[in-house]
Amino acid sequence: MQLAHLNWQEAEKVLADPETLVVIPVGSTEQHGSVGPLGTDWLIPQELCRRLDGRMEKLLIAPVIPFGVATHHINFPGTIDLGLETMIKVMGAVFESLYRHGARRFAVINGHGGNDPAIEKAALEMYRRGSQVTLVNWWGIAPKLNPDWPTGHGDAQEAAAVMAFAPELVKSEWLVDNVVTPPSADFKQLHINTVLFEGAPVKVIREIRDTVNTGGLGGLESKFATREWGVAMMDGVTDWMVRYLEAFRRIDLPKKHWD
Amino acid sequence: MQLAHLNWQEAEKVLADPETLVVIPVGSTEQHGSVGPLGTDWLIPQELCRRLDGRMEKLLIAPVIPFGVATHHINFPGTIDLGLETMIKVMGAVFESLYRHGARRFAVINGHGGNDPAIEKAALEMYRRGSQVTLVNWWGIAPKLNPDWPTGHGDAQEAAAVMAFAPELVKSEWLVDNVVTPPSADFKQLHINTVLFEGAPVKVIREIRDTVNTGGLGGLESKFATREWGVAMMDGVTDWMVRYLEAFRRIDLPKKHWD
Amino acid sequence: MQLAHLNWQEAEKVLADPETLVVIPVGSTEQHGSVGPLGTDWLIPQELCRRLDGRMEKLLIAPVIPFGVATHHINFPGTIDLGLETMIKVMGAVFESLYRHGARRFAVINGHGGNDPAIEKAALEMYRRGSQVTLVNWWGIAPKLNPDWPTGHGDAQEAAAVMAFAPELVKSEWLVDNVVTPPSADFKQLHINTVLFEGAPVKVIREIRDTVNTGGLGGLESKFATREWGVAMMDGVTDWMVRYLEAFRRIDLPKKHWD
Amino acid sequence: MQLAHLNWQEAEKVLADPETLVVIPVGSTEQHGSVGPLGTDWLIPQELCRRLDGRMEKLLIAPVIPFGVATHHINFPGTIDLGLETMIKVMGAVFESLYRHGARRFAVINGHGGNDPAIEKAALEMYRRGSQVTLVNWWGIAPKLNPDWPTGHGDAQEAAAVMAFAPELVKSEWLVDNVVTPPSADFKQLHINTVLFEGAPVKVIREIRDTVNTGGLGGLESKFATREWGVAMMDGVTDWMVRYLEAFRRIDLPKKHWD
Amino acid sequence: MQLAHLNWQEAEKVLADPETLVVIPVGSTEQHGSVGPLGTDWLIPQELCRRLDGRMEKLLIAPVIPFGVATHHINFPGTIDLGLETMIKVMGAVFESLYRHGARRFAVINGHGGNDPAIEKAALEMYRRGSQVTLVNWWGIAPKLNPDWPTGHGDAQEAAAVMAFAPELVKSEWLVDNVVTPPSADFKQLHINTVLFEGAPVKVIREIRDTVNTGGLGGLESKFATREWGVAMMDGVTDWMVRYLEAFRRIDLPKKHWD
Amino acid sequence: MQLAHLNWQEAEKVLADPETLVVIPVGSTEQHGSVGPLGTDWLIPQELCRRLDGRMEKLLIAPVIPFGVATHHINFPGTIDLGLETMIKVMGAVFESLYRHGARRFAVINGHGGNDPAIEKAALEMYRRGSQVTLVNWWGIAPKLNPDWPTGHGDAQEAAAVMAFAPELVKSEWLVDNVVTPPSADFKQLHINTVLFEGAPVKVIREIRDTVNTGGLGGLESKFATREWGVAMMDGVTDWMVRYLEAFRRIDLPKKHWD
């Protein structure tokens, strides 16, 4: 059920139930390669939550947080960046507010890796107050379900996922090949900041726009995305999540460490 | 069009167009009296933006911001409070990001009065950089269109508005009469913090939960809400907004005051 | 009595008395139209406190806070702006310090509407710790005492008030008529950010200096101010405040919500 | 002249004059030993500014800042502590606002040593933007004018100064002898945090209330204060300041270092 | 050469040289499993810098930063945690200060993964001002040089590294086997927050002390550490770094994006 | 013993011992006149701690903090400035982390006067939680041991101290005479911001680089430094510190004031 659809008396009852699992979808509004929509990172978690909602009991879904830490992407038009410090505060405020009303089990369904440090920092505070928090990065699960579903930013995996529920948002007419520009000819660009030098990884921190023309990087190029992949992957990830969240819900709450 | 649905190349084009008007729906997730859903304050702006989208050209709609300044409401379960300082930062980040990409005309469609100081502070910064920002509080417009549509928090006006597009979210089975407890018998409680003493207004700052049992306060009680009111009001407000936003779009941009 | 005039042993005794009411005069140093002095917003609260001091028992008056949130006025010479975040911290520090020493009843006598969000945020914290705080905006009381005493920024009401106790500070030789420039011909400018479009209010956030030549706006123009008005109004407001503050003092303290 | 007494047009003229010297009186509301009033630290700078106002041209006096960094004193009733970080922001806001309007020469007349780091930090920013700022701690000047006027916190020097203009605020009926409790018998307590061990100074950071019963420390005890001392000292310090501020006003402005 | 060993005139010359590469060793003071010293994370970068210093020209080595983001480790005695926000500020201050003096090429030699988000955020700011920054996490390089040198926190890899230059700090007498406690029997604990559920990774955020008795986790247990491994690995990593840093130094500086 | 050299189990034991004294060496990386190395302010405390370590039991030495508040020095190349607010946070984090693990007695061995306000603020928090903290500024002790060892910034005293343990870092080939430029001919420059006017002290806040060519100021010029002085002074200060720290260790802990 959607938190936003309850009134406060209903929320009171749900939040007082120790089995309730609060699910917080989080993403980012940022460039997603040549064909992915700017909302990719929050549209997918929103869709996953919609699916979970139909299949699990006692799930309380918070409004999706559509902005995150997109500092490296800000040079691409349409990107919105909260910055790391503000994202820590936003995540903390959401956790704290619900904790105050009784929530003790939280699952963050996240669509953007740049949010991890902010979520983990805020989550650890919750743990110390006697809660359990899990951070579910869907893109990391998919390749374990099927090695043909590799991850990357603004690449085929995300485009395929969006195709599963909103195919019109993946605009093949904009498709161009990625042109990657590593810091120099001595390096191979692997991911956003990560390069290989003689086969070993190191980070060279740059604007992504100086690194890859489309903004997409790290996985299979978007041209390999198909709706079939997306449908199978979203189904697979949802199934996994249902099983996972039930297992997570059964973890004992920790003792309070401090306030 | 939805910003989240564009890819960055489309956003680049739209944001470079000096006639583009960026619309930012903002609200809060907080108690809304005995029958209103927690999402009232952002669901209504989201619905208004949906309607505007179908009727105006060159409108770029940002993802809805579902959280705001709800400090006075936090004692009611389900309420999420970002706090004033964090809300200033969130609004600033959204404005700044889009400004960087060329946006110069912004309309904030707001569903929650407590957000005003944060929005206005962030907006003034934009003005100083050569932009125009308008803050549209829909609830204040309605009573001018029809005096039978008075405003208030968690009251009939908001319930009626939600009935227009999601009647199932207004739960009449929870309806109870408001019991208002002023600070003492010497006072008449007018609105959240505002009381009358001998007919003159003054503020006594309290938790709303100590003031009114349902949380709704300031207007007509929720029991007077009807779907007919809501439909007429949402239509009326939308019509007004269409005319207003076209007029706003034609305002000259200010000179830059400073960076 | 003035807090600043006591030694700490006297303050200890006064602050331990549960009937003591702490009065905090707050204002702003900012433009006040063509004839009003920059200190208008704190000189009036200071004068009101002086009058209250002579008429009420167990009133502990804090030093006047002469600066506030004047962000919209900063383009007018002589204006000093603390900004919203710093004002929240200043108000919080004053409340917290006195709370620590036993104060539980606070009345903020405020001369500047822009301070309200900061005062209310800090005040709510105090309420949660078991205190009562009232925010008294004198300018809103006057029109209820006499409809001929309408309010506005840098206008006749404030000028009249200053004339009551420091007539030499209202400089009629600088008097010019207000020339108001709304955002465009489609709008009627009502107050600092508020305009009317087809009779309904909306905010267009601008520098005041771009809106009105003198800076005064919202009420009766300063040329209508008279000393007689000011004297009667200050007397009337003081009388009302004496009765009000005694009523406020009798409100029960809330239970502590949290620390 | 008082900034608060000017209207903005007058302020505009004064602040545009390169010879104008802005004077900012700053203090603290905090315990001042057994007989000194809580306002000692700002009442004295306010009085000094009043005297300077009558003797110098082109002096623009800001409203007195009655609160400062009083963290070590907060355990004494009546003390108000802004804390170091907030005081940095307050000082910065006052400087910045006036700088924006043209002020380039600032003299801070300070009554409280704990404010120094905040003032100096904010002042250095001004210097870098092409201004000159002086910090005048009156209590350090007096002993150079007359070695019989030694300094200390909440001691005879400050009591004498207050006696010069408000003798009724120094309450001899509360006079008790200081009982100083050093950290242990191995130490001699010299000043607030400073102790001597084998004749060499080191700091042991404690609450002042645990160090000295009255809160006064560091100089001659308050019982030695006389009105004659105060009158002669205030006259002497004022005379010195008049000469000093004229010399300060003639210092060349620095080139801008950065913004 | 060590920055701290130069005087400012020497530093001026070195920092003005466009070929100068500033090296900043960073770590953490935190638990390192059963046998690793608390300083592991900064002692290793310090040692690597010492070695680089002897082999490369125009290397300017900043003082080692011995504290970092150790929030997850704070329950283990001796751990010092700056927290993410303060670490961002510290890294920013170091970069900014040296940038002001002319530095444009920076290599952060980091010993603690938790510092990455802070370093990357501060580094991106530098890039935008026309600098190049690399973040070198030595532990990630080693396994690429030799697959028998796998990484992990507080495990054999770090213990071996310390054995190479300070074998007395690795205290085998404290060696106990790791006892790992996953959130529940449904999970396999992989790394600090990362667990596997049905083979796919997800994060469950907990205090490390609740996860593993020794604090060491993620790689080969410390009992497998040998001095030989350490010596070979430190030599190999140093050699790689020498080649890498020379390649990094030759990367073109970016154009300034913004200030 | 060095905290960084212990493992966490050893640290647990040491920090649980109520007699343990935690020693925190702190300094700054900043200009030190014509011949002093940039690390002067932290190299000396580090050396003093090394000496104490060999002579006292139950001394737990934290890693040296090599950066501090150097805002006034930032115009000299090689200077690194954390700024006052960040230094408060760093000191607070170090104290808090160790307090959490049981430490209650702290001695900060400081090499830089600009750090005092940050250290004292953080230290007072510790006192309020039941700890004792001392701030030992070595340069102020030396002149009391021998009046021929006068203090000053970047002058002979510091150069002599460094000569005692690292004579090669004091580079006589760079020696030039100080040329001091007071704000105007009316003033005598005494120390960084302090000038004399007619014999009385006042502060004029300027960049040091505009005040003295070398950056050294306030004491005896560096040319008078000798290794003999340094050796005798470091020995004398160490001896004094040994006696002092034992006396400090015997001070009773305060009761907790608040958390």
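In order of appearance the chains are A, B, C, D, E and F, and numbering begins at 1 in each one.
Just so it is clear, contacts are C-beta pairs under 8 Å (C-beta built on N, C-alpha and C of every residue); 3 or more make two chains touch, one makes a residue touch a chain.
These figures come from a predicted structure and were not determined experimentally.
Looking at the contacts, which chains touch chain C and chain F alike?
Joint contacts, listed by label: D.
Just the number, please: Cα centre separation of chain A and chain B in whole Å.
So the centre of chain A lies 28 Å away from the centre of chain B.
Measure off the straight-line distance from the CA centroid of chain A to the CA centroid of chain F, and report it in whole Å.
The computed centroid separation for chain A versus chain F comes out at 47 Å.
Where does chain D touch two or more other chains at once, residue-wise?
Chain D, residues with two or more chain partners: 85.
Ring order from chain A, via chain B next?
Starting at chain A and heading to chain B first, the ring runs A, B, C, D, F, E.
Under the definition above, what is the set of chain C residues touching chain B in their complex?
Within the complex, chain C contacts chain B at residues 71-72, 75, 84-85, 88, 116-117, 120-121, 123-124, 126-128, 132-137, 140-141, 144-145, 183-184, 186-187, 193, 197-207, 210, 240, 243-244, 247-248, 250-252, 254, 257.
Within their complex, state which residues of chain B touch chain A.
2-12, 15-16, 29, 31-39, 42-43, 62-67, 74, 76-83, 85-86, 89-90, 93-94, 97-98, 100-102, 169, 171, 174, 215
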